[in-house]
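Okay, handing you the structure first.
Lettered A, B and C in written order, each chain numbered from 1.
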Amino acid sequence: MGRINWRKYGLLIFSLPVVVILFCASAFSSLLAPYDPYYLDVMYMLEGPSSGHLFGTDELGRDVLSRTIYASQISIVVGLIAVAIGMTGGTVIGVTAAYFGGLIDNLLMRLMDILFSFPAILLAVILMANLGTSILNAMLAIGIIFIPGFARLTRAVTQTVQRQQYLEAAICIGVSGPRLIWREILPNVFGPVVVEAAVAFSYAVLLESALSFLGLGAQPPEPSWGNMINTGRGFIEQAPWISFAPGMALFLCVFSFNILGDGLRDLLDPKLNK
Amino acid sequence: MLLSAESVSKTFQSHGLLGRHDPVKALDRVSFDLARGQSLGVVGESGSGKSTLLRTILKLTPHDSGTLTFDGMDIAEMRSADIRSYRRRVQPVFQDPYSTFNPRFSVGSSIALALKINDIVPHSQAAGAVSELLIDVGLNPDLAASLPHQLSGGQRQRASIARALAVGPELLLLDEPTSALDMSIQAQVLNLFKTLQEKHNFTIVFVTHDLALVSFMCDRIIVMKSGAIVEEGETKKVIADPQADYTRMLIAAVPEIPDTTTP
Amino acid sequence: MPTIGPAGGNVLEINGLSIELTGRGKTVGSIVHDVSMRIGHREIVGLIGESGSGKTIAAKSLIGLLPSRIRVTEGTAMFRGTDLFTLSPKAIRKIRGKDISVIPQDALHALNPVHRIGRQVGEPLSIHTDRSGSAIRAMVLKYLAKVKIDNPRLRARQYPHQFSGGMQQRALTAMALSTEPSLIIADEPTTALDVTIQAQIIALLKDLRDGSEASFLFISHDLGLVSTLCDRIYVMYAGEIVESAQGADIFSKPRHPYTRALIGSVPRLHENPDTLQTIAGQIASPFEHDSGCRFRARCSFAEERCADPPPMRNHGGIHVSRCWIED
């Protein structure tokens, strides 16, 4: 215990196991869940936590724990795809804007400003209303919401790199165009983007839950943390455990990814400042 | 003449919050000639335009008017094919050893990039060529695998010289290459420049604020102030008998170290 | 005000100072070793060294600004009858900025861009004295004039970005002088400045020394500057003082091989050698030092006995060097 560099790795050490557990839960749901999430056990509706059902059952007799575990699939997948969309789109836009500068920079960033000025939930709802409610569209909508954030970040990092001497040195030895971006700019953009991606992931999960809470995401009987919390609202006095497990899971997921983001920042940044 | 400047000017517009500030004349009708194999010292204080001059020669910043000619070609008129070959023939060594290499790649990899981009050697021989270059600048070839932050300032500066040499340039543009280094390291790097120049017959433009360095390194000198040349000539003559007031002021400001009397 | 110092008039006496890098309670590296220095009343003492010499750390130790894990392990620093190293942080804070002040290296970053110059220059006074606001303002104007800033009344109301680099450095000097300290530590105060401005600042420091009661510790890597300005000079290498003498003697009669090589490595305006003198090898890291001479790996005169700690040889008067070679 004494040999670990807590300052550098502490946050990672705490968050990584939780993140791994979450990913395992979604990948191996069928192995981990004690029950089939759709199985209606009419004998045990609205039962509190017991040895048979660790987190109780819901209004249709389904095991809350199993549903929570299966619901992680949706959250994780939506999170990953949405972040991938945001990261890729945002990086392309941000680096292009900074690389070309001038009119192109202005145009692209004003576009980003427009997107940015919408509150995320509102934008998500508008997009979903237009695209239709499905998980795929949820991924797309959330991904689009993330693009401006990544664009601003990558643009700023690119501008910093452009001021560095090694970029000018590269130009002087003959590196140009795509190769310049690929070799000199992108590797330096990578670090901050990964950190932002971890935090964006947690926000994506939250957004997806909000959308399905509003009825716009995963549709019943498919379990998602958001719609479970929503259903649980109606039973909050009689059976508070219905909301509790998914709420807890959501909290853990968002929290651990945020910490992961911080931990990654501690890991990646000091190297650059050496 | 390898390099000629004819009335080169450059003005920077700075944009303040409430409209434009007064334009800054970074270069004001600069003219000089540099023959092959000669070394030219460009001396001035901050705001003199000496760094801007280098950047226009390197085509990192375009000049507004006047002509810069390299080996008979007007560098403003160059097409992209000419530019590529121009970049091989003219190489910089910059001041800051900290940011002169991409921190993500080993110095060997960055040097090898110079070789690859310009098809200097086939891929299989790149590592060997990098080793030779490092040895030429007095570095242990094993350092090729090091990341920039693992090297000292002096080592990094030598590595950046190796990178400049990789493409086989004829003209070296040195922008305060030793300002960020300790005195004893500076001496090593300056000696290295002299050795390399003798060996390869480089033409050198050496930009610095330090007159003593120019005295050591350069045959000829131009003194710049506010973008214009106030004096030029043979280094020894200018320092011994300066004509311009500003040159006299610069010389007077250099703190002289008393001579050593014991052997 | 004249200091009430020990008889003999030394403002500062450092004896046997050692500063080490610690990890988990034990010593991991030696940053400064067995440094002894004195600064007399109204003297300008120069401390020359390159990177890794320990000069800045040694100076910082006097005012309690050592980074974490770097500690004074031995030695005393007598200032006005008290050992600075035995003072509590609270006591050091009373001295820092008042009796010992600092002119920092990078003027641009030492000044807060959002506060007016007058207020910043007056800050040490408002912290360390209980003079009234108007009294402080009057002193600020007095010291701005003393550092030859024209039109002090106008300038005091301006912001740092409205000052040139040289003027910023003067303002910092005024700040350091305002509390009338006994000792001013100037850490490379002209590094970021143009040569002509640098010459002006040096001239200013000379005038101030003559016109005030303060002593100066001038830390620099620039031999030329130190030779123009300093009465006495200490040369540091790898944490140790390797030579000390009257200013002129260091340059006319350098004794230590490092000092000689250093002087030989600087290009001169009116000389044209083919090559400059260089020092082979690289400075060792703080983790690699042993008890022998720390320069011997790079010294062209090194002998076997250099593996033992070299004595301080006296070369007449106050000129000493840490070396085995009798030369």
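We adopt the following convention: a residue touches a chain if its C-beta (ideal position, glycine included) is under 8 Å from a C-beta of that chain, and two chains touch if they have at least 3 such contacts.
Computed from a predicted model, the values in this text were never measured in an experiment.
**Q** Specify the contact topology among the chains shown, as one of line, ring, star, complete or other.
**A** Graph shape here is a line: each chain touches the next, no loop.
**Q** Looking only at C-beta pairs that count as contacts, which pair of chains has more of them, A-B or B-C?
**A** Counting C-beta pairs in contact, B-C comes out ahead.
**Q** Using mean CA coordinates as chain centres, what's the gap between chain A and chain C in Å?
**A** Using C-alpha averages as centres, the distance is 53 Å.
**Q** Centroid from C-alpha atoms only, then distance chain A to chain B, rounded to Å. What do you get?
**A** 48
**Q** Whole-Å distance, chain B centre to chain C centre, using C-alpha means?
**A** 33
**Q** Mind pulling the chain A residues that touch 2 or more other chains?
**A** Expected reply: no residues.
**Q** Note the residues in chain B that touch 2 or more other chains, in rising order.
**A** As it turns out, chain B has no residue touching two or more other chains.
**Q** Please output the residues of chain C touching chain B within their complex, sorted ascending.
**A** The touching residues are 50-51, 165, 194-199, 202, 221-225, 227-228, 248, 251-254, 260-279, 282.
**Q** What residues on chain A touch chain B, complex-wise?
**A** Per the touch definition, chain A meets chain B at residues 164-166, 168-175, 179, 183-184, 187-188, 271-272, 274.
**Q** Would you pull the chain B residues touching chain C in the complex into a rising list?
**A** 45-46, 152-154, 182-188, 190-191, 194, 209-213, 215-216, 236, 239-240, 249-262
**Q** Sort out for me which residues of chain B touch chain A in the complex.
**A** 58, 60, 84, 87-88, 90-92, 94, 96, 99-105, 110, 113-114, 117-118, 149, 160, 163, 166-167
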